[in-house]
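Before any comments, here is the structure.
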């Protein structure tokens, strides 16, 4: 396993009390594999990724337990100095908002070249040539000329390509993409997602795709981890989960999205709201919104059960996963 | 004013940095459901909290605020009722006691004219507080009205006002004071206040203008306009309450500097003149014989420094409490 | 046919680009909306889709009179409202209300929910007598599915979905006939979007509302709309009933847009045909000659650069009946199936579930 997160717990100290953002998350991704982490705002999907990347703001954040194994090494035990070497060179991150992630007063070429001068000790001239090559690679037209332009002179889609180029620059083994296409238009989204998937195949990287969009997940992911209130509630290969979800939250999500090929009357809506992280309901965190909830759900926290009926590796944190699967 | 794009250098260099948004759902947190999904659907409910009550919550716990507020409160009380702590008259002087040091009943000693330094320092607070408060009020009202209207309506009026503020910013304050105030013979606080208002309003007007322009672009202003709200309703009900915070902060900090400006002008002989009582006058009078009677200089200067510092610290504390970005 | 409740003809909004501080000189224009026509029938929903910068939000603002059009007409029950002012404008405004995109910025943080919704009655006192207002506001809260007791709370105490309900209640306060909703759910979480969409559907029946529903999400637009207009760079390029657009698109842009939408069905990955458009949307300050889509169109020929295609039933389909015969502004319109149909079995849908 390239990256393995084990039983991670992260808290935030807020004015309203301790917000338990991540409560025992475990997932893994192999080289060449795409893991989609699906969840709504407040599900803990981004906090987990920030912890893996080592860019969680501490404080207010606090990692209370868990391991992040990257090629067998626990990153959480490394010194900041050593972690910095891992970041960028071994694993890189792509953010939703490319405009605020790029320095507005430097040309994109200078920012790309910096990766090579700082991490690889290249000469400025070589680094510049590399920058042009990278921009070509992410298919930015007229790379030779545009390398001298500033971030604001690029469109949203082009800026996201530059972010991808920057993440890919040192050919890391793992890419974490946090909602990489959410801010883009549909037609541009498709371009960027295609590019990302293609580069991943070429470089045989692991990709963790963090998103709330079930459509994007279906298009590119190999396996999915669905998060709710800081926990993984279901994990499965992508085909299985869309065919037959084994957790009522996943099922609710799938049913509540309007579809292009159907004109429905009333959409299925999950009742209620995601919980306040400072006051996560006891038992199963989803029980107040769950149509299948029984008494046991209010008291017992469901472990991630093995979904034994499936050939593939599947898990569901629902006491009634069997009923859900067959319903 | 265009919003500042956050720029994190490390993110740009190594493709790392904080994720665009903290995936914590803190603002989503409070669950107020009409039909709670279960018995645990809602947690304890928060009291209504506005920006001001949030700020107050912060301020009450801030020692800087408490100390500066107590100092200011004390100053206000003694400037209204100086006889509470000083029994004598600041104008009752006995040349025979000139430059004498501390003695029973006269803890601060006597100045060059043989006046009691303690009594004069206490009575001097009145001038300082009066000038500070009245000048700030004048500046705040004039500046925010002009700046607010310019920001709201824009157009030619705005352009003209902006150029006028530029001109005022170019006037050196002390030089302006020397020239303008030297032709006025009235020995009251009013010419000094008038001068400060004249030179101070552009600062507030600039802040107010920017703040109104930001607030004006909010959707809720558009929403009220779509309902058919008049300009005065938009300004008074929707824009002003949301734009006033920066004006208050800047005005509080400016108050301290106005007090020191009054002292400076009095020191230079163009502000208040004897027989008025002012820290500036006393500092000016004590300066020539500082070697023989340092106490006569020390006490009024100390009072001035503490007063100015208290207002600036108060402004700082208020700014921190009102800045939502620091939460 | 009855008269449409709203009719838009030749709507144009150009924002001048100027230089100079005191003496301004026009050096060009951002052509945000550049000749838009459509109509809206009573109790109907017209969806307007397009990518960012296509002008859809500017159209919305002009409909509720937040922006004055540069040219064109907006007829409400036959009366052109673009020239109105004062009292007449105010009374028209009562009947055309707006729901905003961002529930976090569209509610004044310094006002209670009661004040936010009740403000409509302060501005239009004739709608509700003073003593009656509180009760009316509480009724509205109930209608949108919020507890009427929350009338004294502030917006920040609510979640995004609940705030959007408050925004909808404000839009309903004056009992308008038309609601213009500009991306009303795009800022919300997936599981909450469905709640708000269902609410809007229910309110439409209950209050006999006509909707202009603006969004970039084609799936949501299909779900709620009777008719759809696809906008590109300030113009509507194709319009028709929902099945005509989604199942029988004839404009290449619509086809590309539809094919790019991710489908929540991993099985579709294999057989789905996707049209990936090259490049970006051109700047609205510098719109291509002829057909404005030609710079990204794979079918573009010389004629496209010379002749502006009209929004009408294309010649090929003029004598045809059937779903392909709808307005499409393309010289070389042809039908193309791009939305994969649920072939066999379900791809995740489990019926409609409980309402």
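Labels for the chains are A, B and C, by order of writing; each one numbers its residues from 1.
Quick note on the criterion: a contact is a pair of C-beta atoms (placed from the backbone, for glycine too) under 8 Å apart; a residue touches a chain by one contact, two chains touch by 3 or more.
Keep in mind that what you see is a predicted model, and the values were worked out from it rather than measured.
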{"item": "Between B-C and A-C, the pair with more C-beta contacts", "value": "A-C"}
{"item": "Centroid comparison with subunit A (C-alpha atoms), farthest chain", "value": "B"}
{"item": "CA centroid of subunit B to CA centroid of subunit C, Å", "value": "47"}
{"item": "Where subunit A and subunit C are represented by their mean Cα positions, the distance between them in whole Å", "value": "31"}
{"item": "Touching two or more other chains - residues of subunit A", "value": "41, 271, 273-274"}
{"item": "Shared-contact residues (touching 2 or more other chains) in subunit C", "value": "159, 162, 189"}
{"item": "Numbers and ranges of subunit B residues touching at least 2 other chains", "value": "28-31, 33, 46"}
{"item": "Residue ranges of subunit C in contact with subunit A within the complex", "value": "51-52, 159, 161-162, 189-195, 197-198, 201, 216-220, 222-224, 242-243, 246, 256-258, 260-269, 274, 276-277, 279-281, 339-342, 347-355"}
{"item": "Of subunit B, residues touching subunit C in the complex", "value": "27-34, 46, 48-51, 156, 159-160, 163, 218-220, 222-230, 233, 237-238, 241-242"}
{"item": "Residue numbers on subunit C that touch subunit B, as the complex places them", "value": "21-22, 61, 64-66, 89-90, 93-94, 97-98, 100-102, 104-112, 116, 119-120, 122-124, 145-147, 150, 152-154, 156-160, 162, 167, 170, 174, 189"}
{"item": "Interfacial residue positions of subunit A with respect to subunit C in the complex", "value": "40-41, 141, 155-158, 185-191, 193-194, 212-219, 221, 238-239, 242-243, 245, 251-271, 273-274, 291, 327"}
